[in-house]
């Protein structure tokens, strides 16, 4: 059960038309090495689930600019004008979701829930086409789980079993996405031996992680 | 212009109390942090996943792993803590944020807010705004009173809403307005302008407080 | 904003008929000092939300034996025969909830959700009286939020701002309950200065915590 | 009796593969850990909030902050991690546990399971069992074939259910039965007993596998 793999092994698993979750918040905590791998492999027609579409030259923005994305499910595209341009010209489908709803939808998929009821979006266009449910006199939207084929995660310290610790604000969507995909690949800034991260400080337990790239491996690709 | 922004930010800062958990939106709301009284401790929440945000990082303070929700490198105060986005929005939507301060494209007399898209023109997305406005105990809109001479405080928002009926207070360079059941209550007015000036710059009806004060 | 208080200050806040959440799992991670305070104050007709009812002489079991509890919402009562006895004799109302559902209901309250859809309990008596919702051909139960007046939490290390770190398996329900009550009181095994717990290792951020007792304070009551 | 339990536990252990995440219920299922092959690494999950559970702690290994879901002091393996109950059940209900092994009061030929209460008699509560049975990829019931001579493997459970149609495999001291669309398939039988013995001790109909093997 060796989880540490080379970028070549990641490369082989990428396919056109896949649904990917990619961690990070305005590229903070985004696995840039894995994004570069996606670009090198040049897989097309991707559906990307992410907090935002980064910048034209950084993070998920690079995939948009390179026209590899068919659809993006995200909360914010304002920092990447290319996303807006492709959307307006009908080249890219953009589904805008409130940030708190998006992360709960991902969590629901990872946690085996059929959905969650949120007050967010009531009275706005976000409610269009969704089931409304009243609980104790208050109206909520039923929001459904969102899952992916692969989640691409960035970890600050990862042990060889796949336990992940995130430094400061790099955490964001990463631990939640790590629960909600068939395959979870973590790009590690630093790889350590199992047991080196204190067990009560681990954020993503190893059971969620399938593969680890990075550490010394980065740059060898 | 800069003077307007300072006046607004300093007035919003007066709404904050000791111990409040506060989320400041990108842009002008961020400036509020500069005017918080030193006598109180306010805990700044950043929706990308932490509380205890400090000032923007100087060149030599930059930590590559620490940015605010605007992607700007900031500092962290002693006792700052970091968490994932699900926890961040549990804090926000769960009513654990006392005050959120946001900008607006439009607000109306029912407390409706529009600040996330102009159809066909600019669609940045809602980010965390819809959750913040629904979840925070108090929602303060901080913005310039008009946009290129056009009213932003309307009878009814006509841009797509961020949330319905969630705004509590509007602070502009012209005055302070509270959203009440009866409509917008003008409570404070900037020095050297008249009530008529405010009314003329506002499409919504304004109830003039009998205790109208000068905005400080 | 001094959060560290004496047990006397806790004592004053307890009232008959309150709804309390109490952390711990078979007394591991249960705030025994706060339970002793409840016993000393002898508040009655409590509704207790908890994973289990502990043992007759330990944890929540002591409150049951002392007949302070009117209703308990819990997943397991098997280790405390007195709970079963009082239930069978009609002295105590017991609502049994699947453990994973219970913790999600508490989380929903803390996170401002109107409820969650779970597959757990479908086809069993747990589904009685609950709304069923079908999502993508699968049936789920709508489970509603559960909140409390006060949550009593146990923390291994707590800083003076109220940031909490839990050692090993003492964590269990504690961090979730800390999100879902009007007042949250943490019994600290050790109190440290703010900043002494690394910010990325804190489990319960200070915003959830109203009061801290313990550390040196324990035993002074 | 003890021999029965060992036979069951050792047979269940053969179902586990390298890398599997496994939750072992209180009682006999816990014994399975003693029979896991040393050639494979199995990750034990404890629903009170950790993975990487090791053997029961000896006197001098006891850590007051570390118990399993039965409240017993256990040890943790290298790389063990701890989390809250919401995460624990996200792991369980979210399909991240490969195998759960539980005891039963009754199982039936539709894969229904009853193991949490006997109305009017004993009502311990379901604890985490209902979530485990719904969430784990594979549900193995490990139990003695009968209770005081009465069948426990029934046409229809008559005690309150833990879950409907979730059981995949039943391992008893008499044999191994798989729950299939067509009913219970007897795949293995204990040495020195006959198919008739098993059929007589079982209320449910049994389909006898054409490849019936001796249980090891």
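Note that the chains take the letters A, B, C and D in the order they are written out, and that residue 1 is the start of every chain.
In this text, a contact is a pair of C-beta atoms (placed from the backbone, for glycine too) under 8 Å apart; a residue touches a chain by one contact, two chains touch by 3 or more.
Bear in mind the structure is a predicted one, so any value in this text is a computation, not a measurement.
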Practice item. State the smallest step count from chain A to chain D, taking one step as a move to a touching chain. Key: 1
Check your understanding: So how far apart, in whole Å, are chain C and chain D when each is placed at the average of its C-alpha atoms?
Key -> 29
Check your understanding: Per the centroid of Cα atoms for each chain, what is the distance between chain A and chain C, given in Å?
Key -> 32
**Study point:** CA centroid of chain B to CA centroid of chain C, Å
**Key:** 35
Check your understanding: Among the residues of chain A, which ones contact at least 2 other chains?
Key -> 104, 107, 111-113, 118-119, 166-168, 171, 199-200
Review point. Which parts of chain B, given as residue numbers and ranges, touch two or more other chains?
Key: 50, 76, 82-83, 86, 89, 92-93, 134-135
Point to revise | Chains grouped in pairs wherever the two touch, ordered by label | key: A-B, A-C, A-D, B-C, C-D
Point to revise | Complex interface listing, chain C residues touching chain A | key: 104, 108, 111-119, 131, 133, 135-136, 138, 140, 142, 144-145, 165-168, 171, 198-201
**Study point:** Residue ranges of chain A in contact with chain D within the complex
**Key:** 1, 107, 109-113, 159, 161, 163, 179-180, 194-195, 199-200, 202, 205-208
Review point. For chain B, which residues are in contact with chain A within the complex?
Key: 46-50, 63, 65-71, 76, 82-86, 88-89, 92-93, 112, 120, 122-131, 134-135, 160-165
Review point. Which residues of chain D touch chain A in their complex?
Key: 18-19, 21, 41, 43, 45, 50-52, 76, 78-83, 86-87, 89-96, 134-135
**Study point:** Partner chain D, residues of chain C touching it in the complex
**Key:** 25-29, 51-52, 74-79, 84, 87-88, 94, 96, 98-101, 103-104, 107, 118-126, 156, 166-176, 203
